[in-house]
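Pasting the structures in now, so scroll down.
In what follows, chain A forms one complex with chain B and a second complex with chain C.
Our next item is the complex of A and B:
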């Protein structure tokens, strides 16, 4: 990790790591956690986080600083993880990652960023620091600006090609890419191209 | 001695020129600022002398404003969010603008109304964090937060008190509570009893309390200590921390966030 993330002051407040009994306070605590997670993931371009707070990304693995403040020796317990992720699920900030959705989706390194675990109690969450709708719009804008309308683009071109290195959706997780393309497709702005095996290989955006 | 030839010979001269020009600019700007000071003094004297007239005679005040505007001083705009405080004495409240304390009383109103709105906003935003209890010091920190684009310069405690007194008229739940150590603003209908007060005071000093600390320092019974702490957690005044080293629940004042 090159630059370091600037943690908010509440991160150094020890009770932030203990579940608060007052409901109103708890809600604001969860909102603060949710913001922190989103901002942290956006800063480090993290797509996937598991229900124990483990983060893996293409740029290597992260230490546990997000959920474990070593300076004040406080960390989140499982009960709080459940609360926080439920809160984020309810607010559509994360979504449970389902590998099946990608089985029909042909893109290089499909398994990137996903913590492979034999332990079935581990759940992976996709983190939406931008909503799928926003990603869809960004892709659409780029296609229009670069005169790629009506031409077929491979999924690789859309997210992995070096020519788009400066675009925000460079390296976009395939799960989010598929979600975004489906949104475009349901708006009749995109047509998904499948190969003989029914795998999505490309897309035509109109 | 090496004499530089060609273009290089101008090198030194350029330095000289820039030195002289910066001197000239400095002189001019000093002169101008002196003149401006003088003019402002005169204007203030004028405003002092004709204070009542300006206030009471709309024609006169309009002309006076015109005069201010024509020399590039906007008496209305300048006084809303700019405030020059030259003294650290919080009791003498300095007005925002050189002559606003002489004439523009309506502007004062506007300033404090604006401030009131901001105070209410912050109290609302933070009430889930702190149970509707915020110290004036904390509030000033929010208002002076450099990341806040609408921050107001040089606010002092007295400004807050004036605004709260205004808000109080509209919403009696807003009030200033003095806990012996500092002034707190409560934005919900909150009554603090003396036990709760004492805890807030001690939290200001040592950040958090435990049942043990209360028993040792105040000679309270375990039951009483626990009960007061529970009631304060229930109301959102304190946050609990169960990961403290001494195995006791620590109770924190959220103003330490």
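Our next item is the complex of A and C:
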């Protein structure tokens, strides 16, 4: 990591890392944590984080600095992870990563997935530092600005091609990409195209 | 897929373009992988050189060379793919333009049919006929008026004149001309005219005087 993330001052406050008994205090603590996670992920363009706080990224490995402040020797325990991620799930800031969406055209009911995943030990979360609607709008704006409407775009072209390296959605996680494109599709602004294996590979945005 | 009532339609051409673009994407990914292999071989060659193992280093460089030729080939292929894609996209635009042109042509044809020349000529002829008919009617009407009433109108005019002026035509004309002269008289114009007259008179006098002198001379002689 070339540039380092500026942690807020509360990050150096030891009680921040332990669950606060007072409900009101706990709520603001959770809000602060979710803000910190969102900002950190946006800064490093992190898309996926798992329920143990491990960050998965193609752009490099991350140490556990986000949840483990080595300077004051404090780190989050599992109980707090559960609290924070539940709080973020409720506020639609994260979503349980479900590989099915990449294969299956219809998004399965997310609530069902939440229940299912609570039992499993390891869950990956997609972090929405921008909402899918915002991503959809960004893609739509780009398409309109570049005269790409009505032409066929591959998903690879939309997020990996060097020509869009400067666009905010460069390298966008396929899960988020598909979600945003489905939003466009339900607004009749886009038509998803599948390959022979039934995977969505292209899109026609109008 | 059930709720795609008015969503954009995918044509067979779109599918073909998608296939081409997917091929292009794969080629790009392939290039990236070849590039990484090339970089790796260079690194390996360097390591073997440091270990003074020239043969292995040479082998690595040969591998690298081969990969580079592959990379070049793939660049050419990518280029032709890109060309094909843009040609197809351009043809689609051309097709749309052609469609637009034919539509426009159709409408123009329809409009022209509504405006066909025979009809227009007929219409213009009819209009001409109507106009000439109207002229005939109005001349007839005006003639009938003058023949019957011209004298009456003239007499009325005369009597009106007498009423208004109270004198007969000759005098009134004289008065009018006097009035006109007065209105044209500007203060200076008559002066200059008079001066001219005077000088003329003066000249005339001089001439007369000269004549008299000549006469006198003649007499004296």
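Convention: the second predicted complex is superposed on the first by the 189 of 206 C-alpha atoms of A that agree within 3 Å, B and C clash if a C-alpha of one lies under 4 Å from a C-alpha of the other, contacts with A are read in each partner's own complex, and residues count from 1 in each chain.
We take it that contacts are C-beta pairs under 8 Å (C-beta built on N, C-alpha and C of every residue); 3 or more make two chains touch, one makes a residue touch a chain.
Given the structure is predicted, the values throughout are model-derived calculations rather than measurements.
K.L.:
Going by the contact rule set out at the top, does A:190 touch chain B (first), chain C (second), both, or neither?
P.N.:
Once the two structures are laid over each other on A, A:190 reaches chain C alone.
K.L.:
Touch check for A:157: first (chain B), second (chain C), both, or neither?
P.N.:
Once the two structures are laid over each other on A, A:157 reaches chain C alone.
K.L.:
If you stack the two complexes on chain A, which partner ends up touching A:91: first (chain B), second (chain C), both, or neither?
P.N.:
neither
K.L.:
Looking only at chain A, is it chain B or chain C that touches more of its residues?
P.N.:
The larger set of chain A residues in touch belongs to C.
K.L.:
In the superposed arrangement, does A:146 touch chain B (first), chain C (second), both or neither?
P.N.:
After superposition on chain A, A:146 lies in contact with neither partner.
K.L.:
Quick one: is A:9 in contact with chain B, with chain C, with both, or with neither? Answer first, second, both or neither.
P.N.:
A:9 contacts chain B only, not chain C.
K.L.:
Which bits of chain A are touching chain C when the two form their complex?
P.N.:
105, 150-154, 156-157, 160-161, 185-186, 188-191, 193, 195, 201-202, 204-206
K.L.:
Which stretch or stretches of chain A touch chain B in the complex?
P.N.:
Contact set of chain A toward chain B: 9-10, 13-18, 20-22, 24-25, 27-28, 73-75.
K.L.:
Which residues of chain C touch chain A in the complex?
P.N.:
Touching chain A: residues 1, 3-4, 6-10, 14-15, 17-18, 21-22, 25, 28-29, 89 of chain C.
K.L.:
Show which residues of chain B lie in contact with chain A when the two form their complex.
P.N.:
Listed in rising order, the residues are 128-129, 131, 208, 233-236, 239-245, 250, 252, 254, 256-257.
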